[in-house]
Structures are given as structure tokens and as C-alpha cells.
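After this come two complexes, each holding subunit A, first together with subunit B and then together with subunit C.
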Partner chain A sequence: MELVTNIPTLEALSKCSIEPYDAIYLGNPYCWDYDGNLISNFNDLDVAIEMLREMGKKVYITTFAAPRNADLPKIFKLIDKALELNVDAIESTNYGVINYIKKEHEFKVHAGGFTNIYTSATVELLENMGVERIMPAYELSIEDIEKFKEYKVEIEVVIHGKIPLGISHNCFLLEFKNDVGLDCPHLCKQEIWYKSDDLVLKPFGNATLSGKDLCMYEHIEMLNELKLDAYRIESISERIGYREIVGKIYRRRLKDGFNKEDFEKLKSLAEHGMCNGFYFNKAGQIYVGGLNG
Partner chain B sequence: MVELLAPGGSLEMVEAVFDAGADSVYVGVKGWSRRASRYELDDGELIKAIKIAENHGKSVRAAINAMPKSDESRMFREKLDFLYSIGIDAIIMNDIGLMRIVKDYYPDLKIVASIGCNILNYEEARFYKNAGARMIVADCKLSMDELREIKERAKVGIEVLIHANTDFTYLGKCWMSSYKALKVESINGKSYYVGSPNRGGVCFRPCLMKWSLKGQKTYTENFNLPNTMFLLLDEIPELVSFVDCLKIQGREYSTGLIKKIVEFYRDFMDACLSGSVNLDDWRVKLYELAEQRDAERIRKTIELMKVANNEIRI
Partner chain C sequence: MQKVSPEIDDEVIYVGLKGFSRYSDDNALNLDEIKELCENKRVFLALNRVVEFEKIKEIVEKLDCNGFIINDLGTIWRIKRDNKLKHKVITSSVGLNPLNTQDIQFFEEIGVDFVVIPPEINCEIDKIKNKTKKIKIEAFEFVLMEMFYKGRCLLSAYFDGVSTKKSGICTKRCCEKWDVIVNNKTIKSKLFNPKAVKFVENTKADLLKIEGRQFRRYANGVSNKHTNA
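Then we have the complex of A and B:
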């Protein structure tokens, strides 16, 4: 079982923050202009990879999640760089890019959460293409994901953090730069939320994330029974310290079992509460508790 | 000749859009498309829709673009067999894996890659073409130059929406609605996820709720996340020179309104093809239609929000 997380910039990468993890996805897939984004700052990427290698971590590089024609040359350049650095895999959520990598380079590919993987037929197609790992669509339930186990492709699921709920062609948050008094690239690094009735969302570049933290802490045994290949902690938009604390908590969870104090800590870190409804065929923002809660 | 494709949310609408000049109509297969089931057609109605089309010398596409559960693949095959047996002209699909299955079993059946595929670049268009799609539906956010480049490089048919809505997010890559509310139901044994457009239910349109922007304080409030009417006019004379199909969305609108919209675009396309047009005159007419259309959409949105809040059922 691999415990993975994502880190957008060199600034966010510290030895403490990555210590609990086996592998790291480098780069922010939601905005090229994100300050210090490792997918567009190759000097920083060199340093980040060297640091991860020294710590014995696996290195994955992510790519822009919604590429238009004009984005493709930049992505191809990043792929060349990833090949040069011999990273362990490239993550993409675009079928065109995935196909390009497999056809042109035969490199390891992880198909991320925006790839829209809903059916066994698509898992089979990706397996036949040689894709090494998939992340099922975020709104699938555990019973849906279980069906994908009959294929050889590895499966990665989010076990904690703010999950992406949508992606667009631009950053809508910039409409409010005058209201907030900040502009790109500082605006999306603030703790800012869209709120309406019971719904809270977190704007982050071209993506919109869940306001609540998805949390499967109480359900790890159930997930373990499925024998999945990787658990992801989504921390791309998080403040300093979150990645390290949550990573350590889940590392202890996997080794030692449920710990009430750790669970309470996760609750306290979730500014707008916790959720995991999608995994149980319910609305995503609902939280389904386990026997330990 | 560019095809004008119109919605068929009911048999009455199918008849009306052909009368209004549509070249083809698309209908949702009950329980299997990205709209509420009441705007989809059951098996008997699908057969009747094809008869209506034949009487007009026109064609029918079936939208079977909801993502099924993995254990519903047999039901998908049965539905596919049925659609093929009744002589459907094309099917609109979303799932790339199922598309490959259709290509293998019915290589002569035309596949259209749905708007839900969210195809954004020429590499992706090529990939869908190789998977079996003969035509792709372009996202409303793509520019004319991007459409031309996709057409030139991927050499695949392109369908462009001329009446639709542009959403806050890319269509097909959004889970905001099912994050807010989700009801798992069943239609003829097939799961039906009310709240998840990707999985065949409605979208509750959370974009159109009243939002506020909050951090250390409330920065602003009472705004919508972008979700606006998308009506093309000025672009159509250029589009007809290189795309293959112009599509009018709107299975959920009233038949009377859709008929007027189809008539408008039929007349406009004919005028474009026959020579010069005075765009100002056409803009005035389109503005009137847009007002009627928006009034209907607001009513529908209020209804959907009530469903999301469990105040009513659909």
C-alpha cells in the first residue's frame, strides 16, 4: 500500500511534510500561473526531485488537467523533462495526453481523477493502452470501485482532503480581486470560500474543491479489504503543516489502527467539516461515520 | 451541407422540430441520457420517433451517454442491440470504454462523442476518433481557431452547440451537483442518479444558488457562479464553412419555444448559404427568443432547486 500526496511548489516541500509518504505528485494541475508551480518551473523541479530521491521517495509529475490546443506544447515539454529526469510516472487526466505519452514514449502513466473513469469497459481500455494506474471518478462508490479490481491496473483513491469538484477554463476567483484586495498569484493562496446555504466550496485556480475534507479514517479496514494500491491525501491547496500532520496520522492509522485523538485532530483540521458520501452512494458532502466514531 | 440538429424531448417535439426545418433530431434513451427521465423516450416512443423521422426523410440520434454502473454493461449491450435493430442513425456516447465496444460490435453504427466527453484538444479528438467516434461535440468554450485546428489535425466531424448554456465548469467534469445532493433511484432496473448529470440524472444547478465569498470577512455576496445562456449568431456564417453539425440543445424546454428556435436557425442558415444577411435584423429576433427561453429556464431552475432540497420530486 502506497501513501501518496501532492505538492504544488518547492516552497511547500519540506522534509517534514513528505516524511510520512511513499510517493509524491509534484506540481499543481489546475493553473499554470500558480506561483512557483513545479510543472512550469523546471529549475525548482530539478531541486524537488533531487530532494525526494535523497529521501527514497517515488516521484510522480502531474500535468495540466484541462489542456486546450495551446497547452499541448507546454505539456509535451514537461513530458520531455520528466523523461530526462527519469521520474517514476506521469499523471494525466486527458485522454489525448495519456495516449501521446504511451504511443510516443512508453512511459508509466497514472490516469488521475478528472479522467472520468466510471466503467469497467474504460478501465479495460486503459489497461490495454498500458496505463499503470487509475483514479476512479470521484463520485463513484466503494462498490463501484471494487468492480475495477478484476483488471491488472493499479487503483488509487483519495482517503483524505479536499477533492476536486470541477474544473473550468479560467480562474473565476479573479473576478473578486478588487473585493479581496489581492491579485494573481496571491489570491488563491488565501483561505477563501464560496458559501451558499449548506454548501461550501474552495476556489483553487481553474478548479473548485470541496469545502469539506473527505475523510476515510474510520473506514480504512473496509478499504484495506479491497486491496487497492495507493491511498492519496489531497493537500494541493493546504496551508503549511496540514500535509505533515495528516500524513502522520494516516501512517499511524495504517500501522496501529484507530486512534481517537488522531481522529479528533482530523476533525479539528477540517475548517468546514468532513465528508465521504460519494463512497457510500450518497451526496458527496455527507459524512458517513464508522463503528469507531 | 451542415446539418441542423434539434432536441426531441417528447414525440410532440420530434414532430415539431422536423416541421420547423431540422435535419435531424436527438432523443434520450429512457434512463440512459444526461437529462431528467421525463424528457427521455421509452422503447416504444423511440420506434415512433424513427417513424416520424422517416416520414420527413430525416434522421434520429439516440443519446445513451449516461455513465452506467459496471454491472450494467449487459443492460447496455441489450439497449444497444435494440437501438441498432430499430434502425437508429447514430448514438451519442460519453464513456470511452463503451464506445470501443460499440465500434467492435456495430462498426457501421455512427458514434457521436457527447459534450460530456469534454474534448478540448486535437490529441484528444484523435483519440476519440480512433476509439470509434465519427463526430465530436465541441465544448462551448472553444474558440473558432481551436475548432479549426481540431478539425484539421484530427480530421473528425465536429458538432457545435448554437443554443445551450455555458457552465461554471467544463461540462462532464463537474461533481458540484451530486456533492450537494444525490438520490439513487432506478428506472427499469437501471440505476438512476438524480443529481449527477454524468450518471444520467439531472443537475441541480448549484451554480445558480446565491453565493457569497468569505474569508476573514465576507468580501461580497449574492452572486451566481457563471451559468449563462449560450446563443450563437454572428459566428454561424463562418462555422457553416467547416463544421459538420449545428446543434440546438433544449429537450427540457416547451415544444412551442423549441419549434420557434429551430425555425429561426433554419431560416438564418438558409439565408447565410444563399448570400449576405443583415445581422442586425436577426439579432433583434434572436433577442426576443432569448427572453422567452430565459423565462422558461428560470422556472426550471427553481424547480430543480426544490428537488435538491427534497421539497418536490421529479
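Then we have the complex of A and C:
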């Protein structure tokens, strides 16, 4: 079982331990202009990859999640760079880009969570294209995901963190720059939430994330039964330190089993509570109790 | 059954099949009604809820519609590889969210006949059409521009357990009044309501789409006009 997370910048990589993880997705897929974004700063990317290699970690490079025509030249350059650096795979959620990588470069591709992977037919299509790994649509249940096991593609799922709930063609935060008194790229480094009564969302670049932290800590055995290939801790929008703590907790969870203190720590890190996402065929924001009663 | 107004007799009529079409089943038709409609009209059937291939295949085999709108690329790919079905005309739903010329080329490779493009890329129709030989482009002339790209919103599923992709229903959580909180301080409130937009320079599209089902006071069902392009 591979434990993976995502790191947007060299600064974020440098300021925390990634010891618990087997592999890292580098770059922020939701905004090219994010300060220090590794998919836009190739000098930083060189350094980040060297650091990860020295630590013996697998390196995946992510790509912009919603590429329009104007984004394609930048994505092609990034792909060339990823090939030059011989990373372990490129992540994309765009069929055109996935097809380009496979056709032009025959390189390893992970199809991310926004690739619209809902059905066995689509998994078969991606398998046929030669895609190495898929992340099923976030809103699929454990039973839905289990059906995909019959195909020869690796499956990665999110076990913790804020999941993306939508992606737009622009960044909503820019609308608030005058109210906040900060412009891009400093605006999104603030703690920003949308709240409507008890509903919470977290805007982040062109994406909007769940306000709650998806948490499968209590239910990891259910996922283990599926014998999936990788578990992801979504930490792209998190403050320094989050991915290290959460990674260590899940590494212990996988090795030693449930620990109440660790679970309480996860609760304390989730500013707006925890949820189970869509694994149990319920509204994604609901938390289903498990081992902890 | 929805009435088809006389003035759109020569146009393509999009209808939904109960249980398979996005939005409410209230205005969707059953199989017999669609068969009857197919006798006199050019009918495209929206099967744009995401369901497993076998269920879609059963419907596509049964009905002699002029085309089918499908919201799952794998399903389209399988239909186009099936010797008995590959002649069927398939439109990729806007929910598949093609955003660039690479997408359009890929959709063409797997056999898509018509692509509904997101309204956000209407301004790029020229570029898109230049990259495809076979595919027809369908663009929104009148549309609700939503908070997120169409087909990329999980708010209903997350907050209410209702999947827009799978059940076709949107609970419109974007229309709540959202407080924008920055560093623990509410700076303003914001609505992310869909905005009605009418595009006036869409002449390069092969089909123009008028979004209707969420806009009943403007349109009865969804109608599509062929352009002269």
C-alpha cells in the first residue's frame, strides 16, 4: 500500500517531514499563479525532485486540473520537463492531456479524481489507453469502487483531507481582493472559508474544497479489504505541519491499528469537523461513527 | 408528453427518458412516448445521467432516435466499438466538460459525433473547429452559467446526498447566501447563483443549444437550432 500526499511548493516541502509517505504529487493543480507552485517554477521543481529522490520517494507531477487551450502550451512544457526529470508518473484529470501523454510520449499517467471516472466502461477505456492508475470520482461509494478491481489499473483513493467539490473557470477569491486588501498570489495564503449556517466550503484557486476533512481513520479496514494500491492524504491547501502530522498518524494506523489519541488529534486538526466523503452512500459531509463508538 | 411547438418542427428536439435524464423526471418521457415522437420528429434522447453501460446499451438498442446524449466517455467508447451500435449518433454531454482542442481530438478518436462544449469556451469555437474533421460542435446560445463548470460540481452530493451526475438532480446549494470569512472575519456575503447568459456570436457552432429544463419560463423542454454554418 502506497501512502501519498500532494505538496504545492518547495517551501511546503522544505518545512515538513515527508517521512511517512511513499510518494508525493508535486504542484498545485488548481492555480498556475499560486505562489511558488512547482508546476510553474521549474528551478524549484528541479530542487524538489532532487530532495525527494535523495529521500527515496516516488515523484509524481500533477498538471493543471481544468486546462483550456491557453493552458496547453504550459502543460506541454511541464510534460517535457517531467520526462526530462524522469519522474515516476504524471497526474492529469483531462482526457485530452492524458491521451496526448500516452500517444506522444508513452509515459506513465495517473488519472486524478476529477477525470469523471464513474463507470466500469470508463475504467476499461482508461485501461485501454494505457493509464497506470486511476482515482475514481470522489462521489463513488466503496461498492462502486470495488467493481473497478477487475481492470488492470491501479486504484488510488483519498483517505483523509479536504476533497475538491467543484472547479470553475476562474478564481472566485479575486472578487474579494479589494475587501481583503490583498491581491494574487497573496490572497489565497489567508484562511478563507465560505459559510452558510452549518455548511462550510474552502475556496482554493479554481477549485472549491470541502470544509470538513474527509477521514477514514476509523474505517481503514473496510478500504483495506478492497486491496487498493494507494491511499492519498489531500493536503494541498493545508498549513505547514498538517501533512506531516496526518501522514504519521495514518502510517501508524496502517502498521499498528487504531489509536484513540491519534484519532483525537485528527479531530482537533479539522477546523470544521470531519466527514466520510461518499464511501458509505451518504451525503459527503456526514461522518459515520466507527471504532470509536 | 411535452408539446413540441409548431415553430420548432424543423428543428432537432431533445427529450429526456424517465430515469435516465438529468433534472426532474416530471418532464421526461417514457419509452413509448419517445418511440411515437421519433416517427415524426428528429429526436435526440438525453441519457445524461451516469449509469452503467449495460443500461444505456439496452435503451440505445431499443430506440431509433436520431441521436443520444451520453455523459460517460467509457459508455460512448463501448457503443462505438459495438458492431451493432456503432452507427448510432452520439452526442457527448456538456457534463463531460471538454475544455480544449486535445479533448475534442480525443472525443473524435473514440467516435463522438457531436460535442456539447461548455459555455465558458464558446469564445474558442474557431480553434476547436479547426482541430476536428468529423465532430460537430454544439454550443449554448442561452445558458445558465453556474458556479462550477457543468459536470464538475459535487455540492448536491456533498451536502444533500443527491448526486447530480447519477440522479440528475441539483439541489442548488450554490444559491445559498455564503458568508466569506477571511482570517476569522466575515468580509461580505456572496451568492453563487447561476447567471443567465445569451451568446450572440455563436455562428460557427453546428448546433445551438438553448438550456431549457432549468428555465421553464423561457423554454419548453430543450430545443436545439441548426445554424447555417
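Everything below uses one rule, namely that the second predicted complex is superposed on the first by the 289 of 293 C-alpha atoms of A that agree within 3 Å, B and C clash if a C-alpha of one lies under 4 Å from a C-alpha of the other, contacts with A are read in each partner's own complex, and residues count from 1 in each chain.
Here, contacts are C-beta pairs under 8 Å (C-beta built on N, C-alpha and C of every residue); 3 or more make two chains touch, one makes a residue touch a chain.
Here the structure is a predicted model, which is why all the values come from computation and not from measurement.
The superposed arrangement places subunit B and subunit C in clashing positions on subunit A.
Judged by the touch definition given at the top, the superposed model places A:Phe148 against subunit B, while subunit C stays out of reach. Applying the stated contact rule after C-alpha superposition, one finds that A:Phe280 touches neither subunit B nor subunit C. By the document's definition of touching, neither partner reaches A:Phe107: not subunit B, not subunit C. Legend: residue contacts after superposition of the two complexes on their common chain; A:Trp32 is shown touching neither subunit B nor subunit C. Residues 66-69, 71-72, 94-97, 99-100, 114, 116, 118-126, 137-139, 165-169, 172, 176, 179-180, 190-197, 199, 201, 208, 210, 278, 281-285 of subunit A are contacted both by subunit B in one complex and by subunit C in the other.
Across the interface of their complex, subunit A is touched by residues 67-71, 73, 94-98, 100-101, 117-118, 120-128, 131, 141-142, 146, 149-150, 168-170, 172-176, 178-182, 184, 195-196, 198-199, 206, 209-216, 219-220, 225-226 of subunit B. Touching subunit C in their complex are the following residues of subunit A: 66-69, 71-72, 94-97, 99-100, 114, 116, 118-126, 128, 137-139, 164-169, 172, 175-176, 179-180, 190-197, 199, 201, 208, 210, 278, 281-286.
Subunit C contributes residues 50-53, 72-75, 77-78, 95-107, 109-110, 118, 120-121, 124, 127, 147-149, 151-155, 157-161, 163, 165-166, 173, 176-184, 187-188, 190, 192 to its touches with subunit A in the complex.
The touching residues of subunit A, when paired with subunit B in their complex, are 66-72, 94-97, 99-100, 114, 116, 118-126, 137-139, 144, 147-148, 165-169, 172, 176, 179-180, 190-199, 201, 208, 210, 277-278, 281-285.
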